[in-house]
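If you scroll down you'll find the structure; I have some questions about it.
All chains are identified by letter, namely A, B, C and D, in their written order; residue positions are counted from 1 within each chain.
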Amino acid sequence: MTWSDVTTGPIDPAAVLKRVGEPRDGAAALFVGMVRNSNEGRPVDGMEYEGYRDMARDQLAAIAAEAAQQAGSDRVAVVHRLGELAVGEVSVAIAVSSPHRAEAFRAARYVIEEIKKRLPIWKRERYLDGEQAWLEGHLPVTGVKDNR
Amino acid sequence: MTWSDVTTGPIDPAAVLKRVGEPRDGAAALFVGMVRNSNEGRPVDGMEYEGYRDMARDQLAAIAAEAAQQAGSDRVAVVHRLGELAVGEVSVAIAVSSPHRAEAFRAARYVIEEIKKRLPIWKRERYLDGEQAWLEGHLPVTGVKDNR
Amino acid sequence: MKVTVLLFAAHRELVGQANTVAALPEGATVETLLSELKSRGGGWARLPARAAVAVNHKYAGGDTMLADGDEVALIPPVAGG
Amino acid sequence: MKVTVLLFAAHRELVGQANTVAALPEGATVETLLSELKSRGGGWARLPARAAVAVNHKYAGGDTMLADGDEVALIPPVAGG
């Protein structure tokens, strides 16, 4: 069974890693996304993540299931955080385990790339100078043609 | 500064992850290798890791430094275990953080691939039926021509 | 029929509302809804032309038929991770 | 001169020793050492032809010159990870 969640509480990457790993697995890959202290050279103070939470949960579950199918392993766990995050705080954690390492790496990478393509989440950077701005995002890859 | 170690004690992947990650980093990748319960269909009871410990330490430090250079990030931590391991125990943990995710994934992958190519470590599988065998390894990629 | 419309992030700020209800004729599609919203003027008329739409949590094309009670979200370019 | 020789894993079991000391003439190379070991017979003569060698923790080719006190390790195919 894959596991996925969208939460407003802090993420513990070690706890996400513990959700995967069975006796048949020889490899686990964990990816952690954090808020960094600058973007394109501009000092960053923090980040606000806004999400369409119910849909994000559904999409994240779908992404985890796709990754599991690709990896041939149902040991996939992923959680994305919403709300106000300080620099260094964890915004997303993804863990995959499988018998062999190539599949674990590939599936973890798949999950983060798909999150960036289609999870209905937006982020607003707060800069040290007091300004803030929504980050330019990606038009979601939805499998449906343009609406307008 | 990169960090590397060869140890006979248990490995805590979360502690290895904690060794990387600076405010400038937006991504961390952790790879964990574990002893699995079968190999080529044969039930496995455990694994003995024998190492040329002093040389393995030197080689692992060199691999970490190479990964750091490739990633453009000196946040690379890696530890390999020696001794008797049960199924599910961690044999190796590798953490890399960097401003962007592609470099973190690539560097973590580089470290495990190089470990398999050249770290002077050997493993003997113990099977459930009581037999044991040294695993066929890879002739180390040493950068020098054949000796014999 | 009536559908609930959700707005997020820059869209929400442009319109000044996080949600609204739209009354639509039977047979309405996502396109019908978007025209109705645009006709409200103000921030609604200035919503970016390129945006995705989700109906009941699933991305949906402009020709998707709507039903009474549907939850329709305008999805600005996403930036998760 | 004398060098210390280390053996590991299957090599160690084949020879029945984890280490030995070899006395070599001045000017000896890794190849000279390997010939001396082979000439001991028994498990030494049956060591696989394809193996790597490390001198003082660094992989070294057959023509590497040895010096008194060097630590030379025969490295079976590796299997870390």
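Here, contacts are C-beta pairs under 8 Å (C-beta built on N, C-alpha and C of every residue); 3 or more make two chains touch, one makes a residue touch a chain.
Source: prediction; values computed, not measured.
Undergrad: What are the mutual neighbours of subunit B and subunit D in this structure?
TA: For subunit B paired with subunit D, there are no chains in contact with each.
Undergrad: Let me check something: if the centre of a chain is the mean of its CA atoms, which chain is farthest from subunit A?
TA: That would be chain D.
Undergrad: Distance from the CA centroid of subunit C to that of subunit D, rounded to the nearest Å?
TA: 74
Undergrad: Give, as an integer number of Å, the spacing between the C-alpha centres of subunit C and subunit B.
TA: About 50 Å, centre to centre.
Undergrad: How many angstrom between the C-alpha centroids of subunit C and subunit A?
TA: 25
Undergrad: If a residue has to touch 2 or more other chains to count, which residues of subunit B qualify?
TA: Residues 33, 112.
Undergrad: Specify, in ascending order, the residues of subunit D that touch 2 or more different other chains.
TA: Residues: none.
Undergrad: Got a list of which chains touch which?
TA: Chain-chain contacts present: A-B, A-C, B-D.
Undergrad: Within their complex, state which residues of subunit B touch subunit A.
TA: Listed in rising order, the residues are 13-14, 17, 21, 23-38, 87-88, 97, 99, 101, 104-105, 108-109, 112.
Undergrad: What residues of subunit A sit close enough to touch subunit C in their complex?
TA: These residues of subunit A touch subunit C: 33, 49-52, 54-56, 58-59, 80, 91-92, 112, 115-124, 134-140, 142-148.
Undergrad: Which subunit D residues qualify as touching subunit B in the complex?
TA: Against subunit B, the touching part of subunit D is residues 6, 8-10, 30-31, 34, 49-54, 57-62, 64, 73, 75-81.
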